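Got a structure here, written out as structure tokens. Questions coming.
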């Protein structure tokens, strides 16, 4: 029980610093892509910051694993986090580091019970749009026949993709760019599903006809209670009478 | 209680004139965009009318704030209206004035309890299509490589965007045009959600199996009530008998 | 009551012949569009058949109006049918006649209680795809810069539009063609909504957690009934005892 | 009862081998399309394997039909399987064989009660994407003005189609390719529906307000039960008193 509590306290304490680190990661990721004229030193610093943020989340995972009471269950329920911690060590791809860090940030953010569902979804969508745009921009700018060459084009393309509009005035042409696009499309479908489901839940709760039947039931139960109470008074009167003579 | 009532009466009285002003705004917004040969005087009059309608809604907000009993709560729950009132004073952009006025109209229209949900949604969609088309047309016509140059093209593009079809035969090329497109796409997703949710709510209400269980419960409660009533008659008979000898 | 019954009998008798006429209308509409080398006589016969089918539905409306008991209510609840009957007389446009006849067929088909919801939706989608393809083909083939010139292209375009995929390899360029496209898009959104709602209703009915609570209630009511029955037996015993001495 | 049990045992025993055969079919279908330089012998072997897998499922259908107790009902509820077994014998088209085998695999996989709904949907989507890409690639590569010429392009096109994004940078140009596209679009709509429905069901189960009313009812019933129990004690006391003197 003490270990569980220690884990809980760690998660509460590290929550805000880790989310702040996520913002630092976003800036470090964006700078070398947006500012193409940035010299080598700036790029090196940004890559260092990216590795540091990923490292902080890896340490967080290790500490939580050390503090937990049931380590097997923790690894089993957090296998996706484990992959995100281990994979960048094995394969040091830029995209893999991005996905791993985003995954770790997302999993920690979802644990924060203070953050409401809507905030989480909106945050996830904005984050995916931003990182999707930047990632596609950095990949497609290299391609000779790519047509996504400015940050504006990349953002516009991300938006038309996530909303499944898909004009086709801009589209990724490289394999890596298309892989990022697939991720955005799947997120877009999930986003559409959450929006629709939210509205549907609100509609159904509002126009629900069941309440009529249920209110009738409640009234029937209350009427029955009155009936039983009257019966009890009757029996009490009977007892008084049987006592009196 | 008196202040609340005064606010309520003001909202009821100003409702129809304000919605009429919204139509006037639509005409004043459309004329200089559709009629490109309109001389300077007409454009100046239309801009004046736009400012006047926005001013009327700003005054309406101020009066409602003055009449309310709990001013802090009013500002807190109507902060979006406050932004729409204040922002056009600070930044006198045409698009900002349009969005502000549409926002104020939409908020007032939603308050009108006579207007049904479906009417509100249909009205919002038609309004967004119309203003989206006009705004994109006025922005894209200026752009040298724009491909939305007639009102017909703009309307057609709005429709393919809101329904998320997105052929791509017409697409905005400027930053401002794309910002308007993003607004239309988000509205389109919400529209899809409302339509789906509406149909889903109707389907679920229709095929709902719960009613069977609930009707069985109601019958069980009624049968039980009969049982208790019979019991009461029994006890009453018992009392009569205990009295008789 | 007699008039109502007469109306009901008329609707039952005319149902199958009218739906058969709808198939005849589909053939008469398709022939001059698909077979471009058809001579003037064939086209004239087809136009005649189209008018005849529309006329049959107009007569059906008149007879139902004559047989109904409450004519005002009938006109009020069937005002869309009235428009579809009256408008082709005023404006003899080909497209208006098509829409009017489709509307009348759809309203009559929905009345047929033998036809299940799913059959109706599938039928409506197939019908809209077919008539949408033919109508767009006949309109766009005339346009000098149109790109929908064969029946295959028209069908393919209809499908990509209704599913909101919208590749943009084919798109209508004329005002009339785009009007038909708007109709197809709206139907496509409704179709998506019906499919999603259907699946959602099935999912919700399957995973519904309410049943647990309701089954608990039913058990509580049954336990209560047992209790009351035991009480009644107790009182009966009491009465027997009070009788015995 | 023995026959039913025999059918059940057959289905349980053959389940894993048949699903393994489905993987073999996938490989045999993919090899000659991906490896265009494959010589005639390899292609012949692959075609043979495809026929063998289809044959195994046809035999499975025949055995299940032989083992069932009510053969008429089996044919009526499995008429789609019967078509998939008979049609490739009549018309030996490659596409028909693909669709028939996929249908038979899908129907058998759905019967496996160990496989959960989500696994089934994900499996179906991945399978449709893979076979849709390969089928479109093999068809469009032959077409002179086709624009889907590599496996990467085909996979990318399948994804943009199933998510209804539809950029239009790649689109099938042949009739057969478009037929496959229609299948992918319909699957995509169904996929969207399942995802939305799943999220909606989860949302509705979570935010359901009905529970409040129902819990109140349960409490009312329990309170009433207490009331009746007290009454019974009262009557019991009355009986004891009437006995004592």
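Lettered A, B, C and D in written order, each chain numbered from 1.
Convention: contacts are C-beta pairs under 8 Å (C-beta built on N, C-alpha and C of every residue); 3 or more make two chains touch, one makes a residue touch a chain.
This one's a predicted model, so the numbers in the text were calculated from it and none came from an experiment.
Work out which chains are contact partners of both subunit A and subunit C.
Correct list: B, D.
Please flag the chain sitting at the greatest distance from subunit D, going by CA centroids.
Result for max centroid distance from subunit D is chain B.
Please pick, from B-D, A-D or A-C, the pair whose interface repeats that of C-D, with more than half of the contact pairs identical by residue number.
The C-D interface is reproduced by A-D.
Looking only at residue numbers at the subunit A/subunit B interface, is the share used by both copies over half or under half? Answer same or different.
Different: fewer than half of the residue numbers at the subunit A-subunit B interface appear in both copies.
Tell me the angle, as a multiple of 5 degrees, of the rotation that maps subunit A onto subunit D over the C-alpha atoms.
Between subunit A and subunit D, the superposition angle is 90 degrees.
Please work out the Cα centroid separation of subunit B and subunit C, and write it as a whole number of Å.
So the centre of subunit B lies 28 Å away from the centre of subunit C.
What is the distance in Å between the mean C-alpha positions of subunit B and subunit D?
Computed from C-alpha means, the inter-chain centre distance equals 40 Å.
For subunit A, what residues touch not just one other chain but two or more?
164-168, 192, 196, 198, 200, 204, 208, 210, 214, 217, 221, 224, 228, 231, 235, 238, 242
Quick check on the complex: what are the subunit B residues that touch subunit A?
161, 164-168, 171, 175, 178, 181-182, 185-186, 188-190, 192-194, 196-198, 200-201, 204-205, 208, 210-211, 214-215, 217-218, 221-222, 224-225, 228-229, 231-232, 235-236, 238-239, 242-243
Using the touch definition up top, name the residues of subunit A that touch subunit C in the complex.
These residues of subunit A touch subunit C: 164, 166-168, 196, 200.
Once bound in the complex, which stretches of subunit B touch subunit C?
Interface residues on the subunit B side: 152, 156, 159-160, 163-169, 191-192, 195-196, 198-200, 202-204, 207-210, 213-214, 216-217, 220-221, 223-224, 227-228, 230-231, 234-235, 237-238, 241-242.
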